[in-house]
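I have a structure I would like to understand better, so I am pasting it below and will then ask my questions one at a time.
When the chains are written out, they are named A, B and C in that same order, and each has its own residue count from 1.
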Amino acid sequence: MVSESETEGGILRFLATIDIRIVYFLLFVVVVGPLLYPIGMPISVSPDTVEFHDVIAEMGPDDIVLLHLGTEFSGWNELSAGSTASMRMLIEQGAKVAIISAHPEAISISPLLYNSLSDVMDANDYKYMEDTIDLGYMHPNEAAVASTASDFHGTVRTDYLGASIEGTFLDDINTAEDWSLIIDIQTGVQSAAMLNHYRVSYGAPIAKHCIGVSVPGAKADLDAELLVGVLPSLRGGAELETLIGAKGPGVAAMDAFSIAHYMLLIFVVLGNIGYFGYQRSASRRTTVGR
Amino acid sequence: MSMFFKRKDIQLTIVVLTFLVVFIPYFFNIPALDAFSKKLITIASLVNGFTLALAIHSQFRRASNQWRRKSRGYYWGAYMLICLIMMILFGIIGQESAPWHWVMFAVINPLSSVNYCILAFYLSGSAARAFRARSIQAFMLLAAGSIVLLYQAPLTGAVFPVIDPIALYLTNTFAVSVSRTIYLGLATASIVLGVRMLTGREVSFLGFAREE
Amino acid sequence: MIEFMELSIAVFGAFIAMCMFSTLYGKSNPLYVFAEESYVGFATGLVVIMAIMYIYRAGIQGILAGDWILSVGIILGLMTLTRLSREYAYISRLPIGISVAVQLALSMRTIIFSRFIRHINATVMNLFPADSQLMLYRWTIFLSLIPMLTFFFYTTEMKGPLSWSAKAGEYILYLSLGVVFAQTYMGRLGMFVGFMQSLTLPPWKIPILISTMIIVLAAVVILDKANLADRWIPG
């Protein structure tokens, strides 16, 4: 026979002790649903994104920018919108771009970046080896980062496929201070090393596009003038796309992004209703019963 | 000759001298030392690359232990080694080759993505099951988190912009403070550890503690 | 016309990703183990190849270009491998010691600036900027940082003003952790949304995603109900 304590509570008990798999299933649904059936919710642009945009907007044909991929492929899912929008701006402004990877998985990112912007590159007559070079995996550890910062040509001689970089725009780079801007795409791979050896040692300006986990630290660095701009997470990427008028996958993801946030809030509220309505009174009844 | 490697004082002296060769030119302009320091940094980056060979060894050892013990599911270790060897072969064939490209985009990239994004589920689950306003501190955590969560949803800023200044205040002040606290603490700890290593109080990285 | 390579990548990628997601069911199963061991094996192989490439590009190419001193790096690196031998492991002390010493020097010479001076400067200097909002932010950071630091003092007894400061720091810490949690969730959610986007764009991938989800879920449930899940996982 089922005891009274096991049947009472009803909906409140359900909310307090919800099966975690229901939460997982609903998260899947609220993310995949809007991706399949976009709603087109409006988005606002934050001051951080405007500041990041303004830093990149200053780059021109005489500038050489380092795009540092300090991310695994998982981080690319979150950072691709902002990285692609940043690269688009640099191509359209004619700035030269070199790419360095700091994680083995990041070597598969640069081909995706070039492919997604192939139309923009063709439209602006932007060519590989003349305007952009992929240097591959050259930052495996902090010593390598310090090495490229202090003696670039002593460490880097070819692109990722082995073609010599002699005679290209990289001839003008000797140390970290020769870079006009560094856009650091970060999940935390060699992040501190870039700050230490590029910014602190040589004063190179670094603008960081980072995942949500790293945003508090990045804002602290921005406040300490270790960074010149911070673009936070997928939302920042979507905002940058909106700002430059090139809406892409970032903006398309914002429906799912918004709904998933609201879903979490609803679960927190419902869980607390269940807690105060059932669990707390149940524990009081148990205490009194003794 | 072996005494050169086995004596703690000699090895520690080398560590300290190497440290000074890289540390001093940063603060004092000594061109010859600076040039040597830069080469030493590149040499150290090459040495670090070789340590990854130890990773292969540990994977082989793990798999062979499983095979020897014939514990349940021991064949998975062999499967893992086959994958490892295949990837090395594909890499030798070339990074532009079809097999390399296939493995990168069909296996490594999706699994790397799932590895980290699965945390979104665990965070959701913990928020639904464990985030309870049991005390004032917990309530403050929930309140701050809820405001920032609302702000982060782009739709909120577009339809309810009142929340923006409050959320921006929280993210640009308290989150910055806690990050700064952590940075200061970590910097102190790493400097203390560095000094302990250089003064010979922490020599386990050289393998001496184990022998003693 | 979809190329076979692209199609096979989409199909197998979606399948193996769902296998990895199957851990959310709550019980370990062979599909999850298959995904896990695949990732460990292929990722380790990737790291090894990348390390070899780096040694070639930064070391061997440099030596061939006339920078002979880099051969010391290759020799020291090979000496590191003696760590695998019980008899000759002591030889690896030299390269490990040099490597650790260089890393220590690189870290310590800049961390004083990047993690101490700059952050302390930013906290205590310029507390009266022209912008009132910025002034409010700076004062809040200044007034919240010190209580939080005192909260983490474990080597002295908290008495008097120190205990009040630590108590205030505790409350500020909980407030900050709420913000950090929200930003962490944003980060992980962004990864998940971005990944799901890659599985649904272009639209021909959608049926592949849905069918692999159903197949993997069905397989996991059947294995669980038939008590076969535990039989084929490492113990």
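FYI, a contact is a pair of C-beta atoms (placed from the backbone, for glycine too) under 8 Å apart; a residue touches a chain by one contact, two chains touch by 3 or more.
Only a predicted model underlies this, so the values are computations on that prediction, with no experimental measurement involved.
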item: Intersection of the contact lists for chain A and chain C; value: B
item: Chain occupying the middle, per Cα centroid; value: C
item: Selected pair, greater C-beta contact count between A-B and B-C; value: B-C
item: Greatest separation from chain A - chain, by CA centre; value: B
item: Between chain A and chain C, centroid-to-centroid distance (C-alpha), Å; value: 13
item: Interchain centroid distance [CA atoms averaged], chain B/chain C, Å; value: 6
item: Centroid distance [mean C-alpha coordinates] between chain B and chain A, Å; value: 17
item: Junction residues of chain A - those touching two or more other chains; value: 20, 24, 27, 74-75, 77, 105, 107, 140-141, 143-144, 146-147, 154-155, 201, 215-216, 220, 223, 235, 257, 260-261, 264
item: Contacts with two or more other chains, residues of chain B listed in rising order; value: 26, 39, 41-42, 44-45, 48-49, 95, 104-105, 108-109, 112-117, 120-121, 123-124, 127, 142, 145-146, 149, 152, 171-172, 175-176, 178, 180, 183
item: Overlap residues in chain C, where contacts from two or more other chains coincide; value: 24, 43, 46-47, 49, 51, 53-54, 58, 62, 67, 99, 102-103, 106-107, 110-111, 119, 141, 179-180, 183-186, 188-189, 191-192, 194-195, 198
item: Complex contact set, residues of chain C against chain B; value: 5, 8-9, 12-14, 16-17, 20-21, 23-24, 33-35, 37-49, 51-55, 58-59, 62, 67, 69-70, 72-74, 76-78, 80-81, 83-84, 89-112, 115-116, 119-120, 123, 136-137, 140-141, 144-145, 148-149, 152, 170-186, 188-189, 191-192, 194-195, 198, 231-235
item: Residue ranges of chain A touching chain B (in the complex, touch as defined); value: 17-18, 20, 23-24, 27, 41-44, 46-47, 72-75, 77, 105, 107-108, 140-141, 143-144, 146-147, 150-151, 154-155, 160-161, 201, 215-217, 219-220, 223, 235, 238-239, 254, 257-265, 267-268, 270-272, 275-276
item: Chain C residues within the chain A interface of the complex; value: 24-26, 43, 46-47, 49-51, 53-54, 57-58, 61-62, 65, 67, 99, 102-103, 106-107, 110-111, 113-114, 118-119, 121-122, 141, 179-180, 183-198, 200-201, 206, 209
item: Contact footprint of chain C on chain B as seen in their complex; value: 2, 5-6, 11-12, 14-16, 18-23, 26-27, 39-57, 59, 66, 71-74, 76-77, 79-88, 90-92, 95, 98, 101-121, 123-124, 127, 136-138, 140-146, 148-149, 152, 169-178, 180-181, 183-187, 190-191, 194, 197-198, 205-207
item: Chain C contact footprint on chain A (complex, rising order); value: 20-21, 24, 27, 31-32, 35-36, 74-78, 80-81, 104-105, 107, 136-138, 140-144, 146-147, 154-158, 192-193, 195-197, 199-201, 211-216, 220, 223-226, 232-235, 249, 252-253, 256-257, 260-261, 264
